[in-house]
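You will see two complexes here that share subunit A, one where it goes with subunit B and one where it goes with subunit C.
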Partner chain A sequence: MPFPITVLDPKAFPAVKARRVTLVHFARAVEGFADASAPDIDNRGNVLRAAPGAAYGPATGITGKVTGKEPREVRIKLVRDRIDASAKLFPELESTANVSLVYPLTGVALNPADTSSRFGDCIYLKANSDGAGDPETKLKIRYGTATGPVIAELAILVYKPVTIYVKIHRVTINGPASATGPVDAECAYSDDEIAGIVDRMNRIMEPAGMIYVPRATIATEVIDSYTERGTVTLTRVGDQVNVELQTILNTNPDPDSLNVYLFNRFRDITQTAGRDLGVAGIAMSRDQANANPPATAFPGCQAGFAMCYSSDLEYAAHTAAHEIGHTLRLQHYGGRGPMSRMKNEIWANRNLMRNTVNLAVASPARNIGYGSYNNGRVRTGGWLGTKTLPTTANLGQANQIAIARAAAAADSYKPVTRS
Partner chain B sequence: MSTTVVSRILEGLPHTNTIVLPKLRIRFQIAAGDGANIGIAGVKYQILFSGVPMSEGVTDPNGEIIVPLVQARAGNCSIKIFDTEYPVQITPNWEAVDTYQGMQQRLDHLGYMHGHLMDATIDPAADGNINERTLHAVNDFLWDSDLPVDGEVTSAMRTKLTSSAGV
Partner chain C sequence: MNDHYIAALRQHDETLPQRAGDLPANFVDELAKVWNTLDDEARDIAVSCIIRMRHTGAGRFLLQLATARGETQSLRAARSLITHTGCPDANSLLAAARNAEDSTVRAALYLAAGNQTAPTLLFADQVAGETNPRARAAGRDALARLGHIPALKEVFAAVRGASADQIPDIQDSLLYIRDKRLAKALISWLHVLDDVTRLGSDRTPDMARQCDFGVWIAHRLNAGVAVPVPRLDNYPPAVCAAAKTILEGLEDIGE
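Our next item is the complex of A and B:
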């Protein structure tokens, strides 16, 4: 198949520099909701920077081995942008100390065609160490032979598994004694739905080496005399000092878990009707809790997160994973600093920490490969950054995985103990 | 552009003149951009005219191939390398860098207009339309250039784009 190369006429424009041609690119090997066996990749830029993510190209993460458990195979797609399917391409790992090739094996060319057990032009990998120290290596693609020239490379980080125990609280919110709110008082999430959400949260977060394990029992909490039945009402005060929200976050928290409170809805009375039900979840980290201690008629800010009901479990899981990100000190992913100017740009749209869970359908940056929710709205992505920050990129938090893992090690998601 | 020394006979007298023969420079790289150390060196290639091999060689340490402009301009010129045939097309001009199309042309020239999803279609034409591929290329270029990454095409980006592409 011919691949035209267009070049500016150097006679008319003698200052034109050499035309650059790249042959392939790495891509997430699936489309649709997050899949732990096909991690998204951090494909921001091509300049070689310091580790983590030191490659002339993208980077991705996989979870290190868990004792007694077979490590998951993950696959990365190699897309042939400008190279024929007949070209022999050989994947190779720079080091096999922490990760190994499963398919094709070292010295064997990629198969561009699907087989009954493997997808075409996909490289299958698995961790072969526990990832202590979060080591990285490079996946290189060689042309022609197993020792031929390198035509592309990808950094692979192996993350030592971090387990976060999750305590689920299903909250019944009673309104005033005479109130009949538009939603039920009792939280609508079933046990199966909650299990489905946790499973999907893990699909999102596994490439960051983070594993969520729910505690054995789901707590049932009952709270009385809220403004509206089944509802946490948001007002003009900040969420960290909102009495209804913080009362819930202070209800029987498990001291050694990430506490998750589920109920039927948020209503933001500062918004006009129709826009007042847009909040899906709110999270607090331990930093915020410590900064907002108890006061008169205020129980104090507490770490954890609160989430309302959605019958779309992928929507709920995306919301939950995003909110957990906040408990792990992740800020919204924006163009110019944390939360200040959220851009409708394509990396922000792919990022788990974008401040919305769905995208405007008219946006040209909506084609990010994550599909749509049940209501037809285009999903934002579940990717987290793992590359080193350029000096002036003003992204705020480029290496989100490192930040979240450090926060987890510092227990930023656990509740503050108050006497 | 490079120079070549040729000998000619004029009016029966021996002369040695230096004339400039414009040539196309095409670099195959492991990643987009105008940085160093990313060329794919030492790969055999052939330059074909109407399917007939005219010359051959290996890519230099920068991954570069030089194609005589006269051949490329005549049409039916292609490069065979990586088990793949690349027809060479000459474009007479680019749009101004402050137009969307002109920006796309320069990003394409620098190798940034590849896909980022599983889409393996060849680059879309620099048609001035906004698409995910262009938005990704803009961000990639901003990141590589250490400019604020926010999807915005600024005068700083245009200046850097012009200096990187040369035009």
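Our next item is the complex of A and C:
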């Protein structure tokens, strides 16, 4: 039944408290681990990125077309907060120069019900261009008819694909076996597991237009005389100057790739037994390599990533994507430095650069929709920010995708060359 | 002979760049003929080879790639010109930058031009017309490297007013420009304790602060600042105080 709406000027009526009513909102169209066909959404505030015009709403990213490949279809979920399923809602793109609507087509209303090939109330899009210049446009939702009022807007960025070639090194570490729980010297990762990890990393990074491509061959490295067989031992010294770790990162790095070294485990001897095997991966950026040059009995810090074995490939991929984020100049999101500074709030917990891979049972913002690892612990998210917000002191770098892409362009993940 | 190498590229033989010294001089010409038939990874490996071929023919080919429309290797080719000994002259680089659609490519071409002998007035006009902020900053850095006083002053002001999140980029700029007079702008960092980047890994919470970067960058610019350990670290206040005294004595940027 129609009813009258009176809009009051809050300045003229100071006793009236403003309330924003959200009719619909955009959401990640999947539950569980990152899915490249259902990108996460930067919904911090109602500030849109600047171009191409004034609008208010969240933002998301898709990868531009890659030569010789059909662009991936991605879907965005529209959640009807205060609009009935029978209401007609019409998606429309402001410009189709770089993105096109796959379903529903322009002028056709969203179908709220799942069908055999489509999820209900999902808008399907694909890139129309290679994304040169990282252009953006707006997805608008019109109410009632194809020319009805706009009730929601989403910025869509098309990122030009940035390929990061990955050189995998499987490392055999010789040394005395641990008396309490020995592991093999030879790295346990199989070729299939490695491929599975890279595939999952790409699910996380594709909305940022970044693609990891493994080099054709996996290198086999053998290192002798370590403290413990199959193990990199972490001590009280910083990992940037840890000789065992840095010796591995300096082993036959491919100068034109991100070098990833896989072995069986880390042992952190600063931790008590039972907590000493908790480190999953450590990355060093080129900035860190340049800041820690070689010295007597120290090979120098080197850019790259070292990771121990995990049979949970999603755990390994999340760890890898987070750590490689550090090589791309990303810092922790939600608080830098000690864990006590980490904020337990929804954006930090969804963010790939949160300083933990899982969320505590007591976390007040735990239901973030990324599912759980094999051990039952709730995953942190894989989202990366794409908005440039006016102030970010409380959380961290705002436009993480822009920072990471610029760092990749500047080869921040590649090893430094030393004579 | 070239057929053998081109076949290796097609097979994504990532060891080929290590053998770049063995490649015949006409490899680049032969490569140009088959370029459009190579996939992305073969092109990536090919560029790795050309980067290691330090002659002018290689530099010219990299410049062509840098400005080729839709070329996946354009940025990599452009960035490699910054240090390539066979890099074309500054006029060629600036002309190419005018035609480059991608702002990151333009930024790289400006930095490459800054390493050549360049006509700074024409260069300055081109940079002034640059619409992309990152490309404009790169152009400014290139001009500063060439000794252009207004650009040096602009960089000085940017360094002095930098916030923690800008420091990695500022460090790149300063180490590229390599003018130790700019180290004087780092004085304003020496009392700032804001966290910038991790010193180590997620295992340890230690962060390099803005004041630490002030000392470290001044040291790397050979501004006479000593560091107690030969690496970026959390330096004690006395080191920052000593650095301040030294930096205050540096020459100012002239008129």
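The definition used in the following text is that the second predicted complex is superposed on the first by the 379 of 419 C-alpha atoms of A that agree within 3 Å, B and C clash if a C-alpha of one lies under 4 Å from a C-alpha of the other, contacts with A are read in each partner's own complex, and residues count from 1 in each chain.
Simple rule for what comes next: a contact is a pair of C-beta atoms (placed from the backbone, for glycine too) under 8 Å apart; a residue touches a chain by one contact, two chains touch by 3 or more.
Owing to the predicted nature of the structure, the values given are computational and were not obtained by experimental measurement.
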For A:182, decide between first (touching subunit B), second (touching subunit C), both and neither. neither
If we overlay the two complexes on their shared chain A, which of subunit B and subunit C does A:22 touch? Say first, second, both or neither. first
Touched partner set for A:254, first subunit B, second subunit C, both or neither: second
Could you let me know whether more residues of subunit A are touched by subunit B or by subunit C? B
Once the shared chain is lined up, is A:409 touching subunit B (first), subunit C (second), both, or neither of them? second
Touch test for A:217: subunit B only (first), subunit C only (second), both, or neither? second
Using the touch definition from the top, say if A:345 reaches subunit B (first), subunit C (second), both or neither. first
Which partner does A:77 contact after superposing on A: first (subunit B), second (subunit C), both, neither? first
On subunit A, the residue positions that both subunit B and subunit C contact, one per complex: 336, 392
Touching subunit A in the complex, subunit C uses residues 11-14, 17, 39-41, 44-45, 48, 70, 72, 75, 79, 101-104, 134, 165, 168-169, 171-172, 195, 197-208, 216, 230-232
Using the touch rule from the top, collect the residues of subunit A that touch subunit C in their complex. 66-68, 130, 132-133, 160-161, 163, 165, 167, 213, 215-217, 234, 238-241, 254-257, 268, 279, 282-284, 287-288, 291-293, 295, 323, 326, 329, 331-332, 336-339, 355, 392, 397, 406-407, 409-411
Would you pull the subunit A residues touching subunit B in the complex into a rising list? 1-23, 25, 27-29, 31, 43-48, 56-57, 77, 79-84, 86-88, 143-144, 149-153, 334-336, 341, 343-348, 364-369, 390-395
Complex interface listing, subunit B residues touching subunit A: 1, 22-35, 37-38, 40-43, 62, 64, 69, 72-73, 78-79, 82-94, 105, 108-111, 114-120, 122-123, 130-132, 135-136, 139-140, 142-144, 146-152, 164-167
